[in-house]
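Next up: some structures, all given as structure tokens.
Shared chain: chain A. Partners: chain B in the first complex, chain C in the second.
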Partner chain A sequence: MTKTAAASPYGFRYIGTKRRAKEHARFVTGHGNYAADVTLPGLKHVALAASPHASAKILAIRTDVARAMPGVHYVLTGEEFCSATDSLPIGVDAPKVTRWALARDRVRYAGEWVAAVVADSRALAEDAAELVEVEYEALPHVTDAEQAMAPGSALVHPAHGSNVVLHRDFIWGPVEDQFAKAEHHMRFRAIWNRNATVPIETFAVMAQWQPGTEILDIWASIQMPKYPDQTAKALRLPGNAVRVHYDVDVGGSYGVKRGIKHTVLVGFLAKRLGMPVRLVEDRLENMRGGDMHGPDRSFDIDAAFDGDGTIRALRIRAIDNVGAYAGRAPFQLGKPVSAICGPYKIPAIAYEPISVLTNKTPQEAVRGFGQAPTNFAIERTIDRIAGFLTMDPIALRQKNLIQHDQFPYTIPSGSTYDSGDYHAVLDKALAAIDYPALVERRDQARRAGLLAGIGIATCLEPSGGNSAFEPLLNPKNETTTWMDSCLVRIDLSGAITGIMGTSSSGQGHETLVSTVVGEILQRDPAQIRVIHADSLSALPSNSPVGSRMAIMLGGAAAGAARKIKETLLAIAAHNFECAKDDLDYRDGNVNLKGVPSKILSWDQLVEIAHRKFHAMPPDVEPGLQEKFTWQVPTGGGLPTPDGRIQIYPCYAFETHIVYVEIDSDTATPTIKRYVCGHDCGVMINPDIVHGMTYGGIAHGIGAALYEQFTYDDNGQLTSGTFMDYLIPSAREIPAITIVDHCTPSPLTTFGQKGSGEAGYLGAPAAVANAINDALAPRNVEINALPISHLAIWDALAGRNSR
Partner chain B sequence: MSETLYRIAVTVNGVERTGQVTARTSLVDWLREHLHLTGTHIGCEHGICGACSIMLDGAPVRSCLIYAVQTDGHRVTTVEGLTHPDGRLSILQDSFCETHGLQCGYCTPGMLIAAQALLDANPRPSEDDIREAISGNLCRCTGYQQIVEAIALAAKRISGEPA
Partner chain C sequence: MKSPAFEYARAASIDEACELLSQHGDSAKVLAGGQSLVPMMAFRLLRPHWLIDISEIAPLQYIALETDVARTGACTRQCTVQCDATLAAQVPLLRQALAFVGHAQIRNRGTIGGSLVQADPSAELPLVAQILQARLVVRAKSGPRTLTAEDFFTGPMTTALAPDECLTEIQWPVWPDRSTGSAFTEVSRRHGDFAMVAAGAQVAVDAAGQCIRAAFGVGGAAPTPVAFPDLAQRLVGTSFNQALLRDVAQQAAAALEPGADTHASAAYRRHLAAVLATRVLQSAYDTARAAR
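Now for the complex of A and B:
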């Protein structure tokens, strides 16, 4: 029933056409292979005993009653585990902030794991976990970042000597000078409260130790760079003793599926007990102890601008509440440096990022890696400047947006934006929503007594993720390599297989690789198989983080396919005794130019490569298999002494226009209209890009209106279920119109940019701007997300709900 | 906790399956762990996300909220039971593939069950009907748009209208 593919708008054969995803048939039939679906004979199950305190000393742990329960095989505590394994990596320069999966001596947040029980079934393991007796002495706790920074605060890691794990002052450009010259200044605070991507699949991992080969096999719902290496290191094993099976389907991640602590724990147990062991988080474990919360950030913004709307400079202080441990999460203050002035021509920026430990659940990477909160703060700034000047927010944006003819454009913090046409995308979005009619609709609604508002956001999506923020924020860390790779193999039957070295969590990488390889080799992508190698046979990869796979895996697949094509041409040239330039390649067959009868078919070329060494050119390897590994374009440099660095290579652009009405009886906001203008260069599969963008917008609407990990005064998480952590349904998410635009990137194989974070990077800002536009006639403003209906109600009533 | 075993006989995807289960074994655990029907997924185990939706005697229910013993003598349909016996995709499954009504695939089995139940009861649903029918199924990838399109497409195809 596949529809005939429409022609590619970019002139390609397969790229840009409507194509089904290779992955979907197995998912709609229930034949996905998720981590909790994989099983082994004799599998044992883990349940966890967790801390009820936000901060406490562990005085004693008694495990004998739990251990004596029938069906229980082991109870592990931090004392044994922490002695036998190494701390998980600490990204920032804070070596005393060590972290293990199980607490020893001290717990630092409510929900932190204290003991792990292994039993014949998950149910028995849970029963036994309730029998683990832990004696605590409660200690003072702190959950507010600014209180944690204050002198005399309780310390989360006393050995570190402070709760601050990162504090930098960057000055890019003549900030003082611009502030002195500016006609106006404006200050305010924007708050992005704690939320996360919260995939519907919780984290799951299974491990088995093979004593004969001394290999630890791992199946996990993972999306993480350096996962096998970090697992091996923490377990004090050589890297080649850990084999991660990447052919596991991951049930959503959007950044957070980084269960490294879970993996080290389960790997240790599997090896210690000589049994296969599995841990599948339940929902509360995921929400409270899964260490997968996202940024929790306040922004103090000071803007300098002139009466005509010219924005001269910004000072941004960002305080992020990173929770009880600091893995990679503080770097989420660094990635936004790559687009710190947004899409605007702002010549001077001061940026002061501060990462603070508290007794909350630790953070993990969340979609956009800190960019969505930053975009929210910047876009609120733009709207507030417009309000201050009583200027149209669209006109203010048009005045300050970087112009099409200014690319490549280097921003004050050192990144060069590759390409874009921001005005054109904004115009397309305005046309699609019929902006004058929308304004009239809002004004009519207001005349009828409703609260109604229009919100706009114009935002960047840095893509092609690398790790340049690591050396920027931690000078002792010189990580600049951030490669990806692909291997393409043609077997004796002529069938094509693409091999990638990481797992996928819904991004359609099998579709990506097959489309690109099919494009280069001119072979039908539907017949190309794509597999995920395990980590011992796999290729260098840094996993699908930072919207990088269309660029990096797509580029690697193209590179490998081009090498195959060159080999086929070399074989034909040798057999026709001509130069490669004298040949035509068409659909995998090669013929002498102008002589259609002088042809070697795909099958013949493949047979020569596999079976006819006598017909092979002397310097070409037999067999048809090529690997291509490459580094993120433009990446690879260290920062300058004043903290300028090229971070990501490609910059996609999105314009959001949202219309909101607020119910006057309940203060419930309803999104009535949503248009997103989007330019991510060439789309390899437009349906996949659109799907991720719709999903990102929905996720952003959740962050703007509903989702928050809330804590009470005792440091207890009070939104650990889906009854109080509110993920929007099809009822809350409106129909969305996406308007495409294409400014190809000059840096990538086909002109593509990344889009895995699309939508999420602008939706929270646009929705917040729409609500504030609706509230403006009542002289009420809300700059803290999520803007729940209760927050609106309280604001209208003149109360502070927080 | 008593671990007394109860014998059950349930018609699963048209085939009678028998089992010995404890009283506290949820239906989803029995389907996944004992029958190895892993197409039904677990998302929250408190009845909100809908990933574990199955049909019980034709009505969509959360298999995390019922015990296996409660289904003794009843009919259960899982996502595996939506596919034609010869392996061909159903119109609904095919429509999800056509419109990209899924990404990671984790919520998909539950979505398909909710959508099939809707189409069984209402072959010509409006967009509003569709959104209401899947509003008890959370998806984190798609923003629901291409799911709504898939169900609308399936409805058209089932009623023989040109898609």
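Now for the complex of A and C:
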């Protein structure tokens, strides 16, 4: 029973058609294989003793009682661990801000791991962890970034000499001049409080040391570039002594499944004890000590503009509270440089990113890598300018959006946007929501005494991650490639296998690779298998981060498939004694043009390649397999002295239109309508793109209204469970309409752009704008997320709740 | 998030449960639906040495309707109570409140008695028990006793239940008046969360539309859910004019002792108490009039 698939809107055979995702069947039938499903004989379990203090000296740790418990195999403390392993990498130039999985001498946040217990079961390990006695001397702590920057503040890492780990002043374009010429200036502060992606599956890792081969095998729920390399380096092992098994499913991530500290800890224990060891975070460990919080940022914005709505320049100061350690997280101030003026023609930008250490849980990458907060700040700016000028916020956007005929468009900070038709997407979204009718509905609701508002956001999703913000923010880092690869092989039976070199965390890479390879080779993607190599047999990959895999893995898979196709054509040309140009390739069979009898079928060609060397052309390798490793398009450059650099290659666009009503007596907001217009170029699998976008919007609504890692005055996390960290459920998320548009990217194989961060990059801004439109008749405003009931009530009552 | 080790006993009868409680009561917890107890054990916030499982005792699961009272067995699942149309006709406030208790999955496991014994100050069922002045039958090995809701709830997460006692039955008063209406509402950040503030009301009217009986209460704004029988009495004989309603609700709100947390300040809770009390009283009154 086959259903005829709808035709591809782009004229492809498989790309863009509605097809079942390859991996979803195993997820919905309960056949996923997650890190905690993998087990080994004699497996031992880890639990952690965590610091109750936000900041304290460790005076003594007594482990003998815990160690003596039956079933307990080891209690590891920082004393031994930090001597035997190296610090985890520090992204910015702050070499004294070292970081290990276990604290030594000093704890820097509540929940920081102090000791690890290995026992026969997780429950026993938890029992023993309670018996680890730690003597602390409490030290002053600081959780507020601006207090941490002030002279005399408690220092999180005294050896670093300050709490600031990154502070730059970028001036791109004639900022002073534009401010001098502008008719109006406007300043305000926007605050994005801490949230994250909080996956159902917490971080899980299992390690086993093989003394015979001297290989450390690792199974982990990982989404992280350079993970095997960093693990090996911290464990002082050669890179080829760590084998990461990428064929485990990952139960959610969108950035946060980094787990490097967990892995080094478990790897060390497995090797030290000669036993397989597993750590599966519980929810509290994940929320408090899993180092998975996202950006925590305040923006001071100064905008220069004219009375006709022309935006001349922006000054943006972004202070980010990075928490107690600085791994890769400060770079989340860097990615937004790639789209620092949003989709607008703003000729001059000053950007002052500051990354500050505090006694909060360390940050990790979260969906968008800093772009969602920046988009929120920019979009609040646009609405505030519209309010200042009493101009329609849509008209203001239409005036300042880059026009379709201006692409490729280079922004002041040095990135060139590849393509786009922002006005068309905005128009489509306005039509889909019937904007004039929506305005009438809002106005009627207002006349009936309700608070009602419409919010718009027009935002970019930089995609194709090349991490060029690393050399921009750390001159000692000269990384200029961020390649990805694919190996395609055809076996003797003629079956096709695509081999990728990283794990997937829900992005549907098996569907991606099979669709692309099927497209090139004209073979049914349903019959193409895609596997995840382990790190010792994998080709180079930089993992699915930065909305890059449709572009990078898609491009690599297409490149390898094209090489296979060329080989098949070469075999046929040799056997027909003709030129390749004289041949037709159809469905994997090759025939001489105009001579139907002269045909070599797929099976025959495969058999020649595998068995009949005598029928092979000279200089063609037997066996049918090809690899392709691709550098990120437009990547490879270092920043100019004034800090200009092409960061990501492709720029997807999204516009959100939201209608909100607020019950003013109870301060309860309800989202009544939601339309998202989305252009990520050619969608290889529209269902996967739409799924990620729906999820991203839900995630963004969470950031806008519900989710926050809150801390009390003692530096304790007060939202460490799902009682207090509020993830919106199906009851809070409205029906969402997505309207597609396609402006192909000229830089990619099929015109695709990235989409993994879609929705989340614009939803918080749009919801915040809608709430503020609703509050406008009362002359109050909220510029801090999340906008809780309490914040709305306080604003309506004229109080400042924050 | 693994509980420390504990002893587990599944009681086959109420007598056996009481016997086990008489032996281990001080160090035991009764397991019914487990929707609060089990997570608290996993967090190691509760560490009972004994867990006495009463969830399989069939004689604790029933709904029995009499003229002036609806009796529910303590181990009756919340979903069973919510789905019982006859019970809903007699004690409509129960079904209205249950719609706010967690989500369907939680109500499939959670029991009526479990929620009452848990005594969360913002939980819905304890508030309904207070408003309707339910009676709670508790049993020890030595025999049963009956408590009013007011006596049962003694503070946040605490009740008058002795360590060797087990809640067995809840008696919900049925108002005889044909023209009775009720309403329940709450404000929480998300649907299914514990309420920041909850309110419920039940009102009966005569043929002229005058109130002949009224009850209301507020949860989430004091150490226990609070009913206001004296203030409700002020509404009897009236047609619920706006000024009176607001005044009653304001007085109720003023009498509360709300706390503050990350989600709501004390002032916001007090404000919500007045707003929600007004709303449920008005809605209950309107329903009662419509029922005539």
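What we mean here is this: the second predicted complex is superposed on the first by the 799 of 802 C-alpha atoms of A that agree within 3 Å, B and C clash if a C-alpha of one lies under 4 Å from a C-alpha of the other, contacts with A are read in each partner's own complex, and residues count from 1 in each chain.
Operating definition for what follows: a residue touches a chain if its C-beta (ideal position, glycine included) is under 8 Å from a C-beta of that chain, and two chains touch if they have at least 3 such contacts.
These numbers come from a predicted model, not from an experiment.
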item	value
First, second, both or neither for A:Gly32, with chain B first and chain C second	first
Partner chain in contact with A:His167 - chain B first, chain C second, else both or neither	neither
First (chain B), second (chain C), both or neither touched by A:Met692	first
First (chain B), second (chain C), both or neither touched by A:Thr666	second
First, second, both or neither for A:Arg283, with chain B first and chain C second	both
First, second, both or neither for A:Arg731, with chain B first and chain C second	both
Which superposed partner A:Thr710 touches (first chain B, second chain C, both, neither)	second
Partner with the higher number of touched chain A residues, chain C or chain B	B
Contacts of A:Asp127 with chain B and chain C, given as first, second, both or neither	both
Set of chain A residues, in rising order, touched by both chain B and chain C	123, 127, 282-283, 721, 723, 729, 731
Complex interface listing, chain B residues touching chain A	1, 22, 24-25, 32, 37-46, 48-49, 51, 78-80, 82-83, 89, 93-94, 96-100, 102-109, 112, 127, 130-132, 134-148
In the complex with chain C, residue positions of chain A that touch it	121-123, 126-127, 130, 282-284, 665-668, 706, 710, 718-719, 721, 723-724, 726, 728-729, 731-732, 788-790, 793-794, 801
Chain C residues touching chain A - in the complex, by the definition given at the top	1-5, 43-44, 103, 187, 189-194, 196, 262-265, 268, 271-272, 275-276
Chain A to chain B touching residues, read off their complex	1-3, 20-21, 23-32, 34, 36-37, 123, 127, 197-202, 249-254, 280, 282-283, 505-508, 687-688, 690-692, 694-699, 721-723, 727, 729-731, 733, 735-736, 759
